[in-house]
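Dropping a structure here in structure tokens format, bear with me for questions.
Naming follows writing order (A, B, C, D, E and F), and every chain is counted from residue 1.
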Amino acid sequence: MNELFNEITLFSVVSLGAIGGVAAIILFMVAQKFRVIEDPRIDIVEGLLPGANCGGCGLAGCRALAEAIVKDESLEGFNCPPGGSDVMQQIAEAMGWEAGEQTPMVAVLRCNGTREFAPPKVQYDSAMTCTFAHSLFSGEGGCPFGCLGCGDCVRACDFDAMYMDPESGLPVILDEKCVACGACVKACPRDIIEMRKKGKKNRRIFVSCINREKGGVARKNCKVACIGCGRCVKECRFEAITMENNLAYIDYNKCTLCRKCAPVCPTNAIHELNFPVRKKKPADTDKQEKNV
Amino acid sequence: MGQLQNFSKGFIRENPVLVLLLGLCPALGVTTSAFNGLGMGLATTFVLVSSNIVVSLIKNLIPAKVRIPSFIVVIASFVTITQLVMEAYLPALFDSLGLFIPLIVVNCLVMGRAEAFASKNDTFSAIIDGLGMGLGFAFALTLLGGLREILGAGEFFGLSLFPGDGMLVFVLAPGAFIGLGYLVALNNIVKKKLDKTA
Amino acid sequence: MHQLKTFVIGGVHPPEKKLAEKQPIVRLDPPKTVSILLSQHLGAPAVPVVAKGDKVLAGQIIARGESFISANIHSSVSGTVAKVDGVPDTSGYRKQAIIINVEGDEWAEGVDRDEAFVRDCQMSPEEIVSRVKDCGVVGLGGATFPSHVKLKVPKGKKAEYLIINGVECEPCLTADHRLMLEKGNEIMAGISIQMKALGVGRAIIGIENNKPDAINNLSEIAREYEGIEVQPLKVKYPQGAEKQLIKAVVGREVPSGKLPIEVGCVVHNVGTAFAVYEAVQKNKPLVERVVTVSGDSVRKPSNFMVRIGTPVSELIEAAGGLPEDTSKVVNGGPMMGKALNDISVPVTKGTSGILAFPGSESRRPAEQNCIRCARCLTVCPMGLEPYLLSALAEKQRFEDCEMERIMDCMECGSCLYICPSGKPLLDYIRVGKNRVGIMIRERSH
Amino acid sequence: MVLTLIIVAAAASFTLATVYNLTKEPIERSREAARQEAIGMVLPAFDRLVSKKLMPPSGSDSLEFNLAFDNGNLIGVAVSTYTGMGYSGVIRAMVGLTPDGEIIDVVHLEHAETPGLGDKIEKGKSDWSDQFRGFDPSEQALRVRQDGGDIDAITAATITARAYCDAIERAYLTFEANKQEIINKEEE
Amino acid sequence: MEYIIIIIGAVFVNNIVLAQFLGICPYLGVSAKVPTSVGMSGAVMFVMTLATLVTFLIFNYILVPLNIEYLQTISYILVVASLVQMVEIILKKVSPALYQALGIFLPLIVTNCAILGVTILAVREDYGFNLLEAVVFAIGNALGFALTIIIFAGIREHLDLVDVPKGMRGAPAALVVAGILALAFMGFANLV
Amino acid sequence: MKVLTVSGSPHFHADHSVSRIMYGVVFSLIPAMLVSFYFFGLAAILVTLTAVVSCMAFEFLIQKYLIRGPMTIFDGSAIITGVLLAFNVPANLPLGIVVIGAAVAIGMGKMTFGGLGKNPFNPALVGRVFLMISFPVQMTTYPEPSAFSTRLADAVTGPTPLTFLKGGVDQGEKVSELMPQIPDYANMMLGNMGGSVGEVSALAIILGGLYMLARRIISWHIPVSYLGTAAILSAIFWMVNPEVYPDPLFHLMAGGLMLGAIYMATDYATSPMSKTGMIIFGIGCGLLTVIIRLFGAYPEGVAFSILIMNAFVPLINRGFKPKRFGEEIKNG
């Protein structure tokens, strides 16, 4: 046994203990002297966030959101789209607050100016970016409000939830992948993409056009433009549809998804998504196909 | 999400070297041959598992403020033990691994697992995690070591595969970086394939 | 060998293609209807003072520029106002315009339509400035900056030189060239009026060496004027840009983000000098201008004196119409002009030329990887790094764009012209400028 | 807090000390075994070994001379030598010399030369170092041929070969310089 | 002259990152932007010099006399860990901007093998350094680290702008660049 | 009238294209190629052909199966890489090794980063240095030049002037004694010396360089600052001790300095963008080349120094911006 515990053992224990002790004491003193008061809850909140740093919350990354949440002492006005209400719930629990229920949202494209409906009149031959095309001219189809089709929104999407349909020239949004981070909304120079309530069973009705020109002018460029005729406004019993600047808009908070408005639209500008196929006149089914 | 997954994730999906990019220094430094890579991998696994055990045992006894220093001391002890034992019984391997044995202490993998996993889980899970991660590490190191040995010297575990010398560059420093670079790229592709099938 | 003066950094030499060089200016008759845009100048649009159904005379004011940087707009024809409505401008976006159905060609009272040359001007500098303002004169080089603003030297600054831009460095365009040949006396008188308004003793007319006849003509006339001289310049694009012209003529560099007056210079175009002459000596508002119609697709390249508001299609008709293979019509010069998506748009005060090109010439080269040949750096007249700015803008790194001084870019297009990889450098730089501009404005709020 | 850290450190060092004490002997043994093996490789059979340190005429560190005796006669000297001229780092080698100064054999102990090139000095990797067997530095020059010597260089690794010669020469020169003393040792 | 040779050796010939594979984690982690890498280099230089100074003294005046060299690893890591934490605390107070920029990598200096590696190398018998030489050696290595990480950050900024193919983006391209850099640095072989 | 095209200005484009520039470089390489064919015969032709064909083949395969980008093999850049790689290896290098070099140059040096213009390092040099380190024996056995040679790999081998001189000086021999044993300067100028395929004739390379200068493919900044620095620095050493350090003229003509300064260092993608940057780059290359030649383990430092300076290019681009308009006033 003597071989195992000799003076080396003693030296080791003493010297290492001393090194550790001295280090700890110095550290302790430095920590006292240079203390920066920072709320430890920031780290807790940040740990709960997804860490994707996608900026969907409108702040510069997850740490920034965590700081903002802790600073405001509330979740009011904060929203983490990728994390959803789960994460907010967790944060609320960790902080001991109540989290508001978050309505699931999804991006929709409010333009249906496909090559078929809004045939190109000129050819675009510059950088494939909508921002530039928007500053250069009104668009290949001539509609100054319509989709330019260069795909800025698709490039902005971090979640592979969008792609460009080469046939129609319009982007397609994949509901199941969209986390409503709003990156595409920001990327679109023409504000064509809107965040709407996901709706019951993923059903949505919206005016797929944002053209505010007079009916005739709008119609000249695009067959499916909203011409501001107001029939849908009259049809709606819930006052969900408003007409402003020759353009109808359906408020998703008031809309009951009754589907009354869509058939009356003379230009098929009102879109229904994920509804069962209408069993009516054959003409209507034809319409349905085009819209989906 | 069973213990099996805890164990197997370290090989491809969360491979410490190829995906998490942890512990790259030894991964590059000692992988001149498959044998060295395996040796280093196993040594690291030993340290990882034992420190995971101790950390998960003492996690409740240590005040939060000195948690990290204490863990480091624990890890450093196991590294020194490895060092001493290896020098005594495997002197050849000890020589070829050289500086990188004491440097297991600062392998982000070991510290990272102790911090992130062992300090929050029970001992059994910690062992499984340590084993999985450690063997994943060993796997990557052996793979890289094998690759470099085959390309650089035309040998595998010391067995000559083809006559003559290989491309020397793979035995040298640049070959380590290049080999690892392409291995990581390859793993990215494999991982994507796995994700698609899953 | 004597080295001709020019600016120092960058520059390119695109093919000149001055097809209409030898064509005298032809006055076109007023068309059936004109659309006079309310925004034909830099700054806020003018406010209409006529309404639907009103009868107007040529030269009568129909819209008033009310903000500081704005200009009056006059009817270019006599007739009835049909409506005030949106018409597509050169980009295809609808802009407010006054549409007038032409009836005869009667002119407002007080406009002296006599061609006789009046040299001397008795007005005081203040009177000159207010006359120029009343007559809606703007810079005719392309930027359409209201001229009266430039003729007032800001407090605390002093103008030493009036520099007259007779460079016409854009290929194809010959409007200024013809004007210098045919209206040399009027231009000279206009220059001396501007000198009087600014209170400067020296004016230098910069003319590129590819217009020897214009140089001779003006030098000849300049002998009769004190303080006016002609400076021949080496042919290099974009010498017509204000800052480059100042550097070329007097060797001074306007600091980044500053105006020419910072180095004691005021720059006016020869066309503007002519317009100032007409406004001051003849009381004639800016209702017509010289437009070059040229390009490889134009049958008869010509220079026309046209009324503002005339549809571009009429100019093209007058020049012989367009062949079937025309695939690009440009408003302005080939380097900085705008491609039209519709040839029914009206001529504005800033329209210096209408150019048409066949398909072979109008397509951009196929885009390839940037090979970092650094040609764009070499040609950038502002000493910027277009390849970098473009890449940063494409990656949406606008803060970095600002640090790399993207706002100094004047969009001369030299980088895109020279790029062997066919990269849309300038397109992305424009996106970047746009966004950085928004950022700067937001910051100042 | 400080106390915890001290306790942890103390506990760790206690454990370590124990392990150290346990492994001390095996480590010594394996080191000694390696040394013995190297000596055995460069010398004929002997029954007694005397070690001493001698400073070389040039060089920073002393060399270990292992004098081997068989039946009381000096049969050879195994010199542990080194050189700093290596391509990367120090090269150490064991040189066996007869009492006359002729080389019996050479074996490398430690090097960090380029694998595939410089490591040809290792006996297992190539037979390059065999040319030192029976080499007599008093008659032939311990230098590579490019430098006018009698040793074939290693292709593409001349620097390593040159360095190895330098190490061996250092052993030889030290031996020569201390020959008297070494032979005196024999008489003791 | 001696010191210059030590520095040239450490910076070019035996570059800590490219030839000795030390400090790879921060090399890949903190090299996305040039200013960040400069900050990291500064932190490493400071910690490395200080750590070498302290550990050299501990080794030669405590461990060697007491014959307990085997405690090298554990005592060194203790010293390095507390030093780094000290730097972190001070930096947080003195320069919050730098602290922000280096972010999570400051604690990672603890697990930066470059620091521990150099402190261990500095007392190697081969070199036989005295205190001053050991410190110069540490500075040289820190300079070598700084040189490579800053060059590397420059290249990564370049790669960021040019769209590397998907599979190679990030770490793989970075490692290949490091490999080519290591190839190039082999030209310095035997310079000193 | 057909459909109008709308695009951003400018509407004129200069008559440049990537492939025209690249084929211009290929054309300028012809004199050096002819010289190498003259002195190293069939072997040189074979090596060059193998390198070019395999470079194009690898680029094709990688584009087609890995990156799936647009086909770029005919833009001429792969041909340049191939020719330059061949120019940088001995004429009797086994063709298998040439193929490996091409794979590394194209695969690792260029396509890893996405192809032309994106690579931070000169692909041909990556290939060369890779081979240099991997196959040191084969890469340093140079055939002796002989007029109208038709020999293949079994040629008589001999040292290059650089290796000969360095080897001699390293053993303490004097430069003045060694000089008569290497080809005289006139022969070195023409290319009648041992060396890599395309580097031997300084004259042919300068000819190609002048052609590129005249066509404005390259500017003078990098070659002049590179060669100038190398000459000045070697002259300083030479004046200090002419028996240890050979004269600057020797340095300029021996080895791959000319080839490196005119063809490798001026590679667009891997050299700085601004003129000042180019000069800094050239000076750096010159310094490193001379230092490695005189003090390093390798007799030739051109490839290493250009690669190292390639690594500095992004930093140089950051630090040395072109002179900006309107900046002068601020300082003055």
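Here, contacts are C-beta pairs under 8 Å (C-beta built on N, C-alpha and C of every residue); 3 or more make two chains touch, one makes a residue touch a chain.
All of these numbers come straight from a predicted model, not from anything done at the bench.
Shared contact partners of chain D and chain F, listed by label, are A, B, E. Between the contact lists of chain D and chain E, the overlap consists of A, B, F. The chain with its C-alpha centre at the largest distance from the centre of chain E is C. Across every pairing of chains, the maximum count of C-beta contacts belongs to C-F. Mean C-alpha positions place chain C and chain D at a centre distance of 87 Å.
Averaged Cα coordinates give chain E a centre that lies 33 Å from the centre of chain F.
Each chain gets a centre from the mean of its Cα atoms; for chain A and chain F, those two points are 51 Å apart. Rounded to whole angstrom units, the spacing between the C-alpha centres of chain A and chain C is 43. Across the assembly, chain F contributes residues 3-8, 108, 114, 117-118, 130, 133, 136, 297, 317 that each touch 2 or more other chains.
Residue positions 68, 70-71, 74, 78, 81-82, 162, 167-168, 172-173, 176, 179-180, 183, 186, 189-190 of chain E are each in touch with at least two other chains.
In chain B, the residues that touch at least two other chains are 66, 69, 73, 76-77, 80, 84, 166, 168-169, 172, 174, 178. Residues of chain F that touch chain A in their complex: 3-8. Within the complex formed with chain B, the residues of chain F that make contact are 100, 108, 130, 133-136. Across the complex, chain B is touched by residues 18-25, 28-29, 70-74, 77-78, 81-82, 108, 110-113, 115-117, 120-121, 167-168, 171-176, 178-180, 182-183, 186 of chain E. Partner chain A is touched in their complex by these residues of chain C: 88, 91-94, 327, 338-339, 341-342, 362-364, 394, 424, 427-428, 430-431, 434-435. The touching residues of chain D, when paired with chain F in their complex, are 87, 117, 146-148, 155-159.
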